[in-house]
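Labels for the chains are A, B and C, by order of writing; each one numbers its residues from 1.
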Amino acid sequence: MNKIGGAVAGFFRGIGNFFGEFFAAVAKGDWAVKLSLLVWGAGYAKRRQYVKATIMTALEVGLILFSVCFASQYVPKFGTLGTVQMAQEFNIETMQMEFNDYDHSFLILLFSLFSFVVWAVGLVVWMRNTVACYRLQQAAEAGKHINTFKEDCREYLGDKFHITLLTLPIIGIVIFTVIPILLLIFVAFTNYDQQHMPPSALFTWVGFENFKSLFSSGGMTVTFGYAFVRVLGWTLVWAFFATFTTYFGGILMSLLLNSKKTRAPRLWRTLLVITIAVPQFVSLLLVRNFFSNGGIVNTLCARIGLTGWLRSIGLISTSYIPFLTAPGWAHVMIILINIWIGVPYQMLIATGILMNLPSDQLESARVDGANKFQTFRYITMPYMLQVTAPTLVTDFVKNINNFNVIYLLTDGVYTTTNQLMANSQAKEVDLLVTWLFNLTQNYYNYKMAAVIGIVVFIVCAVFTLVAFNFLIRGDKEGVYQ
Amino acid sequence: MKKLLSLLLAVTMVLSLGVFALADGPIEITVWGAEEDQTYLAERIEAFKAAYPDQEFDITLGVESESTAKDTILTDVEAAADVYAFASDQLPDLVNAGAILDLSTVEAALTALAGKTLDDIKAANVEGAITAATYNDKFYAFPFASDGFFMFYDPDYISAEQAETWEGLLDAAAAAGKKVGMTLASGWYNTAFFNAAGFSTSLNADGTTNMDWNGTSPDGYTGVQVVQAMQAIAGHDAFMAIADGDISNQIAGGDLAAVISGTWDTKLVSDTFGEDYEARALPLLTLGEDQVPTRGTVSFKMIGVNPYATNTGWAVMLAEFLTNEESQVARFEAREIPPTNIAASESEAVQANKGVVGLTEAAAVGVVQSVGGKYWDPTASFGEQIAQGTIGTDEASIQTALDQLVEGVTAPVG
Amino acid sequence: MKDKRLGSIVSHNVLIAVLCIIWLIPIVWLVCMSFSAASNMNTSTFFPQEWSTKYYVQLFHSDTVNQFKAWFMNTFKIAVFTCIICTCFTLMVAYATSFGKFKARKPLMNVAVMLNLFPGVLTMIAVYFTLRTFGLTNSHIGLILVYSASSGLGYLICKGFFDTVPRALCEAARLDGCNEARIFAQIVIPTSRPIIVYTIISSFLTPWMDFVFAKMILNAGISENYTVAVGLYKMLDKSLINSYFTVFCCGGILVSIPIAVLFFIMQKFYVEGITAGAVKG
């Protein structure tokens, strides 16, 4: 836990320093530094860095224009998420509908967030700018060389290269990941659902109502709480099995293929890799039809009498084997099918890692007379685990969010026989993500989907923190540098 | 008569075009129709352009299956097509989301340009279709096709008399070593048994559904009785419960002697059962001492107009044009889809079509379903439970199952 | 003694063969189905009753449902651009986090870990409206952005690889007066071929595999604009599956071929790339 504590302390220290520098700059700066609080370029202009001054001032003007022309339309309505209901009237002259100037709650929320992010960035730039002007002043007072614009630019390929590298990717991440995630968090506190769908209706803030309805049962059978516990349970079971079966399957497969006894290992490996090459939506939809109630596997099973036998021992009550349609059967099948698509992948990874297995250890084990299992148990496995522990953690999180496998195998095929689950639009085989996808796609219940999304995040975060702090000791980053 | 009518139409058009200034640029309209309809729709759109030669159009045709139209439209109403085809069970959701235009707001344009009032349209189509296109007393969409289910059977194995009742049907199929297929895990299909007993569902203005299947119906049957009858059918050796999307596969598989499906499978059935296949309403259901008709769901396909369309007036014109008598006849010729237009369905070709006959027979006893979004998942689960036999056969467990079903269906929306 | 050894070799290889057969059964089925003469799924026998290549021919003759040629070109175009942007972004972020020595490095990396924990499907609707604001829905540019804009978050494996690049080499270059940009371009990139290949392959594959985002962004129903995944997925629609199942199988196979070839050529690099990062990272 020291690591987290250290990180948190470091974070606050960093913020403290940041503000400290800024206030020091404001307090000790000359008139140009103080003026640069208002006109960003002022400090540079005084030191004859005219290009930089122009750029910074242009940036400032841009920010002001953004605030006046764009943000002002949305941010003031952020508190209510809009009050003007859409109304329309048909104009027979133009043969068109005429709309009033209505509010669109979702766009208000989205664009307000967008504005907040832009302003936050603007604030940081403004403060850094003041500090930079102050540094310039200090340099000038100490009689040091003031960079020309060209020299400044060169710095961005030298000491400040990381800024050059990171700017575009970070902008991408902020627009396409950070803002959507923030939006999701905010939606969890609104009543955005089928009754409140923009643009025809407005939605508004409701506080913690949605969280309450997820965690309280209220005596009714129609509760998200009931379904939630079961879906969460299966999500964790699935993530555990999906991660470990493919992991060990991959290792075993690669040991098998890389054994000296294997003839033509490349051929075998290539054959296995073909299964990765077929896109999942093709291979999974195919397998789903392969195992469907009236599918080819069922036909064959019925023909060889397997179906009848299972029926006679009471394992099934239907005239077919419900591979993907009954709880239990479907759970097992999904994990087996996941082994099918996951093992070749893990096999490739394991092959690469085992190639790096220190051969002297294997050699000495052989000399000591260890048998194959002992070698595997005491040398190969510990090495693998040590190397791949972080990937195991990320794989687990990926499996919690493994949308494709579950959706493609069960959507439209699996019908729950648990009425209480059905009443919450859930199925026994749903993961939290497929459930929330279904809630948004078919029931437009964005508010509950957002709440579930946050819960998924918390589950993943807790798991990752615990795993990284207790299972994986130390940060290996420094070792190789 | 027809000539006179078209003359009249032309006159009104000339008059009306005098009133409305023609738009300067081309009128842009986007249309969504099913994959299978693309060729047909493209032809009809050309016909529409030809019908209004003085106005320039720019009409884009896109693909969106009628069964999924709602999902795509509600994600972003403003980006959805101006004119779209959808299945009638989606109407409540579309209305509640404000994604479909109340046609009375644009009736004036329709009258002026096409010379039709909404009453003309209502009169031209079968009553059920108009009921299905109406929600909260407002008329929302132009129906163009009947879309219910009925029964196909193979006369090689099942006689007309045996097909009269479920028992006869199943026994005959069992004797021939064949199966009878039906989808149970869908509220669209399994409601047929409850309708048979006189139960019904209805929709409130707030989108919630009323359902009393756990009680006693106006005809005096209890929900428990209906479930027992369903269990008897589902438990029969010759019965095969088939998942919603899998029916066609199973027909092609060749194990079935009878199947509950719709006109979309007519061609397939004719290929598998032979051209002498028969189509009829669902068999009689035995409830206690009585035999009552199994009342299937009567649904329709219709075309609606997006209220956020740029050129709403012309979009309505196009929607009306794509569903008028001429278009429905053309559609039947192209795809054997039973029309809702009364005049169009009186043609000999339509009357001779076995699928249409079966559908008409089923529709005669059928029920127009009116349910909200919360109806589907619980009823699907309920049907699946019957199919898999997970509900006990004693009255108490059936009653519990029904109570839970009703609770789920009648739950508040949101 | 020799017999026993031979026996164990035989049984070992037989075991592998059996496993491979199990793994390939569905793929073989896919291939068989694609050569079936019937348009719908065959549920009674494993091999089709009649063989034919007519659905491959049909696949290349576009109709209102099937526009495979256009889909393939669209996906290829999207994949190439996605691949370029993703690779650049990933390498850039990986280099900055591996070689950079700036204060915000650790906090940024922690934030990246956090962001990766949120389920992607839920952010879809927000991404959609963001794109719509810029008028990029129903455009391939929008789709490229969706696939590539956040790719910086997937820098970890690549960073793991960069961490193994000997620092002495960079120090020497620095002493010779090289700036960071030249070290990046002339020293680090050339020594990182496996990881670059790995990044290129995995980002190139995304557009071929994804149908959820593609279906959401390309929502105007214009069939020519679809990607392969969306187009093929729609063929399995209830009303189409009977006439298009075999065509779907043909399409699935044709999509797999370039991907498979890519894998075979790059397998060595791919394995090195993915493991080098994992082993040392």
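Here are some notes:
The rule is simple: contacts are C-beta pairs under 8 Å (C-beta built on N, C-alpha and C of every residue); 3 or more make two chains touch, one makes a residue touch a chain.
Predicted model, so just to flag it, every value in this text is computed and none were measured.
Counting C-beta pairs in contact, the chain pair with the highest total is A-C.
Seen from the Cα centre of chain C, the chain whose own Cα centre is farthest off is B. Centre-to-centre separation of chain B and chain C, using mean CA positions: 40 Å.
For this pair, chain A with chain C, the centres built from the Cα atoms lie 17 Å apart. In chain C, the residues touching two or more other chains are 41, 43-44, 125, 129. Touching two or more other chains at once are residues 294 of chain A. For chain B, the set of residues touching two or more other chains reads 75, 244-245, 249-250, 253. Chain contact summary for the complex, chain C toward chain A: residues 8-9, 12-13, 15-17, 19-20, 23-24, 26-27, 29-30, 41-46, 89, 92-93, 95-96, 100, 102-108, 110, 112-127, 129-130, 133, 145-146, 148-153, 156, 163-164, 167, 179-182, 184, 208-209, 211-212, 229, 232-233, 236, 248-249, 251-253, 255-256, 259-260, 263-264, 267, 270-272, 274-276, 278-281.
Here chain A touches chain B in the complex through residues 86, 88-90, 92-97, 191, 193-197, 199-201, 220-222, 292-294, 317-319, 322, 325-326, 412-413, 415-423, 425, 441-445, going by the rule given at the top. Chain C contributes residues 38, 40-41, 43-44, 64-65, 125, 128-129, 132, 137-138, 216, 219-223, 234, 237-242 to its touches with chain B in the complex. Of all residues in chain A, only 7, 10-11, 14, 106-107, 110-111, 154, 157-159, 161-162, 164-166, 168-170, 172-173, 175-181, 183-184, 253, 256-257, 259, 261-263, 268-283, 285-287, 289-290, 294-296, 298-300, 340, 343-344, 348-349, 351-353, 355-356, 387-388, 390-391, 394, 397, 401, 403-404, 407, 432-433, 436-437, 440, 446, 449-450, 453, 456-457, 460-461, 464, 476-477, 480-481 touch chain C in the complex they form. The touching residues of chain B, counted against chain A in their complex, run 20-21, 23, 71, 74-75, 77-78, 93, 96-99, 105-106, 108-109, 112, 185, 206-207, 237, 240-246, 249-250, 253, 255, 307-314, 373, 377-378, 380-385, 387-390, 401, 404-405, 407-408, 411, 413-414.
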